[in-house]
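So that you can tell them apart, the chains are marked A, B, C and D in the order they are listed, and the count of residues begins at 1 in each.
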């Protein structure tokens, strides 16, 4: 069991009170698993992924626990977390294109970062070169400034750098959303290759694009309004979703071959609830065609068939 | 008919325009009323520039854009431009950036009234606004008097479409209008374009998303690095793609029920089975011309070297 | 002169909060304004000096240059700030000086702001060769050392008044403001709502006034405050060299006279301390007010 | 790269041209024909000087010549280094008077600018560390930048000079000494130099500290800082990067602030009767020595332009981004 998250609650502090951005997800991530974390804006997916590595100034840890390879991860303690960052838990940020110091040569920056974490640069240099070549980069890039590289090249450097210490868990935060269709496939497949070569043990791929994670993930976890809706193997989520939200969401997404003239799709009416003072019970209730009285109580996130978890009273 | 006749856009960059950058090269296509044309391309393809030129926000460097026969670059002066905007309107990608954050969202209606319907009495105007809101399926009660940040992205985009409808337009340029909306609501805004088409509007739907273009359009235009590489009836372009770039896009777009490898294998198999003689192949090394070749009835492709893979 | 983002970007907030703010941005600004110590303290000092400058001169029977008392008196209950070597009441001079300081600030800062805004908005919105030319002019005036230019102009003027002085100050201090406003206007003019205004048939001046400027109102106000401070300091420098208004009284002129008549050597500190303190208090409080305003309007800084 | 500098030089040349033109126009086109009235006034005080002035005016302005001819003559004289004869120090040429004063001005300006820049940046970076420091350094910085140069000079002269008696408050060296390389002379020079230097240093310090504080906060919020934090880099490394990157805009700031600091030095010199350009300007104004005033003006403008150009070069050398962009190496 690589990652175990239990009842994690992280809120955003605002003037008008706490925004319940992440309200108690409990799930596990197996060794070698690539999990797609999907959801719309405000679903809590990026709050969850950020919480696993670094809470920013406005985020407040409220409760719950995170365990990685059997060790408790103190996500509430910024200083203690430094021990885990990079070495155990690492991230490929959404802003990869601007993640490197613009006035430092890339190689110098990497060396300084590694040395500051107590890793002799010499000991990883060869592996670094190997991995840069693996992602199709010349080792010459280490002698360049970030501005001399194209966006795609910068992103690949960041992918290699983030995983150079073979972390146990990698968070890939919307890594493909800024890319063009023709390049996002290469990047997504590179993530799988990183896992296959055991550069990382397991991976959370955060995205708003379910069709993309379907291509590479082993499992997909869908979030809605700060809570988990459903987690299942990728194919199951697409072909046999149980949660009404997942079902409606998937049937609202067009893919090549579906046309307005032949098969009109429909969206989900309404909009997600505000999280400043979230409604009691199931948070999808107001938009759910199946909602009934029992939905006023919060549905537990339970395993309905092996590896298929759903938080819905109607999911039998 | 909104017609692009060998339209080019060249930007002068650098100090005093010392360098030139071609954003669009001799684009040639048209948008008819009652039809949705999907203009599909990746970032930097020049697709948005084409939309901006049609809206007279960017000037045309070469070629002409005509609206029902009138060259739109000849529309000088505020009055003639306003007449043009009565017939052609646009909606843009970012719903939040489309609203001035210091004003209420329904100011976009007030702006139209101030410029076009100054003399319309209040009651009549209100009826007109309500009718437009109804078309885009918005509840006036929930919308009017709110600030942009109090509304959702989907509501804001619908509001902008309603604004365009107030002007009784013939053509709408929709530039990536749903790419920033949430997955669960975006399809409804897209369906709205289908409804407008049924009412006789001509729509230029600019997008980077093949699935969306495929879903809503009648005609498809694929642009790559400023040039149109393929265009034709949507079912032709998607069903029988000719240009290597189009094929590459189709094999890269993530699908739901097929993995990338499956799609790629299918395309390859079809290509192998295809024995038609191509008379639009170029000798290797020759620069492809901007003029497209009509490979099939109403299906145009930019000539490319035989055996070429995508050049992206 | 920090690059301030004029208003919170609705997309910049954490997930969910954008939709959770029920009130208008303006009311939120007021909420922060009333809780910002820097803003409150700054405006209290500026406000009280402004009142002094406006009201006090009406209560004096004597003008600032009239010799009404024994010379060189230390500050006392009767003469709050003491008297000069010529028996002039320094408090009376101070109050008149504060008045003209505010006048120079408002006029000079105002003229500078109008030029800077016009140049900045037109260059930023229009772009192209108009931008190139305006930029060139801005750069030329920017590198000209302001005080040196003012000295040479003032030296040849036969009679000098506050209005004339402010005019010349305003004509020379605008370039940095034009630059700052240009870059703000440039980024705002690429927003979609500007395109939408064009599609609504708005003319250029209307777009600048109705759509671009309101989004920078806090920024423009802060620019004016900085220009105000700059004008006050420039005027004080001119007055100190002896090229100030040929009639009337100003804080710089008080220091000029103090130095000229040996206040330093005679140890008459009450002659040169109040005017400088007045200038520092006004300009310094304005600057600190500005930081406060920046914190009010720029949500990123609120968290600090 | 060449194009970038060509453009910069063009702006500076244009500025110099404008400055010279202002210099030529002002005496010609001010209301009430100031030239004639100056001549008249000077002839009362000093007949000899009045003759020299008249000669210069006729050669340069040549009242009967067409305007464009006068303008060209003015430039011609300028290129020969002829700025006229000083009335105040008759019959020394203005150029000589100014060249004598320039070293004193530079001796004050350069150390004051450079040291205040270095120290101010350190303070500013330090201030961004904690709320407590920020709340002290920031207001002090703002008060310092709001202080008129001459007032701080007056306070220091009075407090440390007159009251405490630690430093002399007038001149560049003791009147009893003649310039030589003796220990006594040099120490007198330093003693006289210290107070004007200190007052300029202090006023300029505030601005740099504030600028750096704002820049570094911006850098610490940037994405590369975020990334480093997410990878658990120690604060030391993140601060180091932020500080270095925040320095770059401060170099440009140096160019922007130059005019203000030069103006400040003029005022400070006046308080301390320090024989630099500022003191010359005061003498020129008081003695109605307009050639001297105009000459000083041109020297100041030229100096500021040269300094700007040096800063441009330095900036390109230290910022890899600009350097690479100028070399056309961006992919």
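Methods note: contacts are C-beta pairs under 8 Å (C-beta built on N, C-alpha and C of every residue); 3 or more make two chains touch, one makes a residue touch a chain.
What you see is a predicted model, and the numbers here were worked out from it, not measured in a lab.
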{"item": "Top chain pair, ranked by number of contacting C-beta pairs", "value": "C-D"}
{"item": "Nearest-to-centre chain - CA centroid comparison", "value": "C"}
{"item": "Whole-Å gap between the CA centroids of subunit C and subunit D", "value": "22"}
{"item": "Distance from the mean Cα position of subunit D to that of subunit A, given in whole angstrom", "value": "55"}
{"item": "Geometric centre distance via CA averages, subunit B-subunit A, whole Å", "value": "32"}
{"item": "Interface hub residues of subunit A, defined as touching at least two other chains", "value": "41, 271"}
{"item": "Numbers and ranges of subunit C residues touching at least 2 other chains", "value": "19, 21"}
{"item": "Subunit B residues touching subunit A - in the complex, by the definition given at the top", "value": "42-43, 152, 154, 182-188, 190-191, 194, 208, 210-212, 214-216, 234, 238, 248-250, 252-257, 259-260, 310, 312"}
{"item": "Residues of subunit A that touch subunit D when the two form their complex", "value": "53-54, 81-87, 90-91, 93, 95, 98-104, 112-113, 116-117, 145, 147-150, 153, 158, 162"}
{"item": "Subunit B-touching residues of subunit A, taken from the complex the two chains share", "value": "40-41, 180-182, 184-185, 188-189, 208-212, 214-215, 238-239, 248-250, 252-260, 264-268, 271"}
{"item": "Complex interface listing, subunit B residues touching subunit C", "value": "15-16, 52, 55, 57, 78, 81-82, 85, 89-90, 92-94, 96-103, 108, 111-112, 115-116, 147-150, 152, 160"}
{"item": "Residue ranges of subunit C touching subunit B (in the complex, touch as defined)", "value": "7-8, 10-11, 18-19, 21-22, 24-26, 129, 132, 191-193, 195-203, 211, 214-215, 217"}
